[in-house]
Amino acid sequence: MQANPDVQDIVARTSAFIEEAVLPVDDEYDGDVTAAGGDDLRVRLQTEARSRGLLTPHGPMEFGGLGLDMTRRAPVFEAAGYSLFGPMAMNLNAPDEGNLHLLDQVATSIQRERYLGPLARGEGRSAFAMTEPAPGAGSDPAALRTRAERVDGGWRVTGHKHFITGADGAAFYIVMARTSGEPGEARGATMFLAPADAPGITLVRHLRTSDRSMIGGHCELRFDDLLVPDDDVLGEVDLGFAYAQVRLGPARMTHVMRWSGAARRAHEVAVRYAADRMAMGQRLADLGMAQQLIADNEIDLAATRALLMDACAQLDAGQRASKATSIAKTFAAEALDRVVDRATQLCGGLGVTADLPVMKIARELRPFRIYDGPSEVHRWALARRAVRDLAGAGRER
Amino acid sequence: MQANPDVQDIVARTSAFIEEAVLPVDDEYDGDVTAAGGDDLRVRLQTEARSRGLLTPHGPMEFGGLGLDMTRRAPVFEAAGYSLFGPMAMNLNAPDEGNLHLLDQVATSIQRERYLGPLARGEGRSAFAMTEPAPGAGSDPAALRTRAERVDGGWRVTGHKHFITGADGAAFYIVMARTSGEPGEARGATMFLAPADAPGITLVRHLRTSDRSMIGGHCELRFDDLLVPDDDVLGEVDLGFAYAQVRLGPARMTHVMRWSGAARRAHEVAVRYAADRMAMGQRLADLGMAQQLIADNEIDLAATRALLMDACAQLDAGQRASKATSIAKTFAAEALDRVVDRATQLCGGLGVTADLPVMKIARELRPFRIYDGPSEVHRWALARRAVRDLAGAGRER
Amino acid sequence: MQANPDVQDIVARTSAFIEEAVLPVDDEYDGDVTAAGGDDLRVRLQTEARSRGLLTPHGPMEFGGLGLDMTRRAPVFEAAGYSLFGPMAMNLNAPDEGNLHLLDQVATSIQRERYLGPLARGEGRSAFAMTEPAPGAGSDPAALRTRAERVDGGWRVTGHKHFITGADGAAFYIVMARTSGEPGEARGATMFLAPADAPGITLVRHLRTSDRSMIGGHCELRFDDLLVPDDDVLGEVDLGFAYAQVRLGPARMTHVMRWSGAARRAHEVAVRYAADRMAMGQRLADLGMAQQLIADNEIDLAATRALLMDACAQLDAGQRASKATSIAKTFAAEALDRVVDRATQLCGGLGVTADLPVMKIARELRPFRIYDGPSEVHRWALARRAVRDLAGAGRER
Amino acid sequence: MQANPDVQDIVARTSAFIEEAVLPVDDEYDGDVTAAGGDDLRVRLQTEARSRGLLTPHGPMEFGGLGLDMTRRAPVFEAAGYSLFGPMAMNLNAPDEGNLHLLDQVATSIQRERYLGPLARGEGRSAFAMTEPAPGAGSDPAALRTRAERVDGGWRVTGHKHFITGADGAAFYIVMARTSGEPGEARGATMFLAPADAPGITLVRHLRTSDRSMIGGHCELRFDDLLVPDDDVLGEVDLGFAYAQVRLGPARMTHVMRWSGAARRAHEVAVRYAADRMAMGQRLADLGMAQQLIADNEIDLAATRALLMDACAQLDAGQRASKATSIAKTFAAEALDRVVDRATQLCGGLGVTADLPVMKIARELRPFRIYDGPSEVHRWALARRAVRDLAGAGRER
């Protein structure tokens, strides 16, 4: 990616940090963050990132961040994503990065001090508790069933969540609960802040997902009579769905940035492998079918970046950009998956072993076609928008 | 496409011109430019375009053009391409548009007056005579076999060309011929300007191609002892391959612009069809499989534009952008073909009839995956570049 | 295809006939049957086929046919389909072939003499008038709107049809009309036989479709008070939908047979082209990307045949085989289209000209993904069946 | 699959065995055979299979097998493959099944007693030691570098192997070593039988592959001065490449059989999930995009089976069937991968967790596109064959 000139230095330093300090651990533990040390590893790597001036590049400057906008953060996040542990090491991982953005937009000054500051400084992690088991909130957030009832001085939250990324070991949660309306109605949700050690929060289990690099895992949680004081209501009561939208677009795009880095690594590893390996009496990299795999990867990576940068420019211009981010997310999740699949194929037998880092990237990347909206849900929304825009007026051609 | 603000007015006026003056003829004659009147039609439509201030939007201002750079011409060309006759009507068709660009870069002041001016003002068409029958210049220009021998005061050109777009009725040709070296060597070519009525030029036949909207057709030519005076050598002797590169990148991108317009029309027609038609008791446009076709079209159109605009920005910044234009061309040719194929499928039986404009667009668009470099040749070049860039230096993964 | 031993001789003689007598005309006229002579050509070629003992190989022996079952006719039809005019030349074209099958199953002995015999002997063509303009019978036959009202000694038929293949010049029509029920109900249709010159039949126009090889075109018809005597009711009143099913499965498969031949020709032409043509200093056929196109064609052709033969075996065993024929039709229509597209790409510039027969085959084949059920409708039916079969009973996974 | 009537009972009993005895263990241990008990589990399940008369259905009857030919074993193997542990449980796993076939064709009577009998009766496992690290035997077996030198009464084998499936815990190995010629020559290989505990065999390590269900893993081995007596030479000296071909075709097809079962399970699980789950106010299974995923799976499964059964019929007829098995293997490996990918997508978030068995099947299936010949190598061979068959004679069409 041709980085904006004023971040080229940050990008270069990020790449150096990743290569020197992060990739060795990533590869030694095959991308398994728990095996590699979990939060101990995180603290160690973030300390190093902080000393290099690379921690939280998207964070507000008042809390030590670099304040990069979407366009500028794209190449930095991609460089960080080159290692599966890179986003954690630089404190730009999901869900923290999206939560930080949300808090920066919505939090009160007390909440900024209590929650946003520590998050930006890497003092603790967070989780975003929205998704619920069927028939609750999933691809359709309006199905939200977790309830918050008014009590004196606050709210009492009861509900069941799963796929809560990073929940184990998080310092606090942002919890979506219904303060009015019924499941199926796209209104009436409120966001609550809750320290992870608040009474009434139970971590039921870790879902055994294909990926292993996300610190804190993907957890099932129960909230039983969790009491949240009024001070910890995030934003206005009943506006939770609107805030979720604020969080959504940028969060989609930062996923694309990070996964672009990981997919690029798989591609680069495969190209170097193909350049070194002989097959049929030629360099593998000179065989036409290998060239096709390589070229298709170049095309998919370039198209992903072009769509990403277009969406980032819209977001930086203050637009909601829901069409652009939806297209970029859907395209990227599928294209990057193809990139890693082709890289696997290029590496032959070693491509499905831990001797090369391709296999682990495939394992981590696959779920991106499902979370933050499955490709099918994005396509449904894109089609409805197109029909409305093109056929709304009955103009006949 | 979100057009640059300072061309939004030109885009809007282009769309109005296309809809009011061009589409009716296009549809009446099913995109067959010969049936619709050929050069008589061209003159009539260009007169109208001129009167609306829309002729040759990319042309130098000294000759009445609007002087739009690549980024600015993109949305204008796309709006023109909405009709198969639109590019001809606004004098921004291939090969004239690429020839104009080349002349603007390389021509002497006499050549500017004699060739560039009339071309920019729509007073006559041109052709670019490079491609030869096997085993001559094709995907590999270095195979060039047409010869130019030095004679007193000029050159004598002999050779065989085919797929020369727009040759029938052109006012002049730009002819690539070998002034030194042997077929297979990527050096030694020179460009010559030749009035179409010069002795020694024979139009052998029209190739019977699937497309019918290109005025002047795709022709087979012979040059037998064509004499070209020194004044009509275009640029330096032996630098023809370098000039061909100058022409190539922008010409690829303007193809993408024009065909994006045509493909978008197919998509829009199909969406409106699907919004009007009932199937299985629902609107066709509300059925999931139809929505998938529509959404995939939106994604392909958006990715095409994002890659196009990225390449245009590089070209406008003075870069050669050969990787970016190669990726954009390859992706676009395949993506736009998919768009029109999905539009066909959405329209059902009527999609393969002339009752809707989809079928003709499919017919016109298919060859774009072959000319200006078949997708396979672009992939070969992209793969070689990637191997060189990634594996050339022994940087550890 | 490895033909059943007892038809190998017929296949070989078919191939010889096609090559000697049919392909030269096909290629001379670029597959345009009207330009090539229409019914005059048909009579001439069928006379030759008859003299070679190759006419109507699927026809009942009592009428001079060869009585081949589905399994045996497959390689013969494929060999005939190698030329776009081959099926007409051997009287095994749609819709005649399906109509013959239907008459053989359902017709009275008088109808056999009057309609089936002449059809089997190639004395005249037929058409099958079912499809109607929206909102009538199309992908959903139950939408049938053409009405037949009881009159003394017969029925009076009124309605509007389109896409009636072969209608212009047909000797008789089989007309689907509603004798009871309402549009949307999958019952109440009846089939009627009507000589083409019966009063009340109007050929409105030829639809201008992409294909040009089907004799009699694809027509729009009107029936205005067409009187059909009781003797010309085909089968039982109100059982028309059931008879349409009888016709449907085999008719789908014979389309696959014929188009397999056409696609195979495109593939073979392309492979020979690639074996002769040099590119990048090697035979085109030895370049990896060309090899991939060739191999993918081999795979698609083989899979098409395997699915076809499986469905034919089921049909010959007396099964309705609606799942197998639906899968084979859907796969084949898409796979053969891919085959021809890859062949086009292999042939480069010539692939989109009439200098090679690939382009015309592409043009003829594309509609097959739409008629006899668009791919989307087949997929809808296949999915419903799968859900019913797999999830109907509550068997635990 | 419609099984041959005389194996329907075996298929039904296989399915019952799998469901009752094998799937519960498979699912409890997420398909990790080591965690589930390794060879202890194998012995326990095979004892149960033996008592049900289902052990080694392809084995010679003299050793207690059922003697099923390729056509008959297909539905049985598919039913076994429904569980990742099923092939092990019924002793029809790779590489034992291919080794048994090879021994049955080539072994001396002493070798039959010593190696084939125990293998057929499930008394011990085997491995096939051919593949070597680069630049040794891989996709190109002729690159074989392991050497066997003549010594008194036998041979001394030295070499390096990897990806030796089932090596850890195997009772014996079949070792490919070069007895004449040089790496790159497709001649001069010999097969040797060696008990796993023979001196000179070192199990270097387990490759850490994505799959975990293959007992004995995929190992790296070294042979250092391994002495093989003449009695343990398998077949004739220097004919090893020919025997490898004997083994190859059927082994490819039994892989397809087993993986068809696994992919079918993923599909069935996904369809049942989609039938139970509500989304957007409808059953997920009734949404068009879900229907498309389901239908495409049905098509891919059917085409895989049709190609498989065609190849099996050729093999049972005594043909080498290298084209048919190459096509079937290539298509199946890609199609079944698509099936499982679509099943994953249908199951949404749960599709990438161990709560459903889809994710583990994806992990196990992916390498099949690489082993037994990567898709690219098969395509290369198919293209060369097509060019030779179609363009060998210079017939021009």
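Letters are used for the chains, namely A, B, C and D, taken in the order the chains are written, and counting of residues starts over at 1 for each.
Definition applied: a contact is a pair of C-beta atoms (placed from the backbone, for glycine too) under 8 Å apart; a residue touches a chain by one contact, two chains touch by 3 or more.
The UniProt protein names, listed by chain, are A, B, C, D = Acyl-CoA dehydrogenase family protein.
No experiment lies behind these values; they were computed from the predicted model shown.
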A-C against A-B, pair bridged by the larger set of C-beta contacts: A-B
Whole-Å separation of chain centres (CA-atom averages), chain A against chain B: 41
Inter-centroid spacing, chain C versus chain A (mean Cα positions, whole Å): 52
Junction residues of chain D - those touching two or more other chains: 287-292, 376, 379-380
Touch-based graph of the chains, sorted into line, ring, star, complete or other: complete
Contact footprint of chain A on chain C as seen in their complex: 287-292
List of chain A residues in touch with chain B within their complex: 19, 265, 268-269, 271-272, 274-276, 285, 288, 290-292, 294-299, 302-303, 305-307, 309-310, 324, 327, 330-331, 357, 376, 378-380, 382-387, 390-391, 395-397
Contact set on chain C toward chain B in their complex: 30, 131, 134-135, 138-140, 162-163, 207-211, 218, 277-281, 287, 289-290, 344-345, 348-349, 351-355, 359, 362-363, 366-367, 369-371, 374-376, 379-380
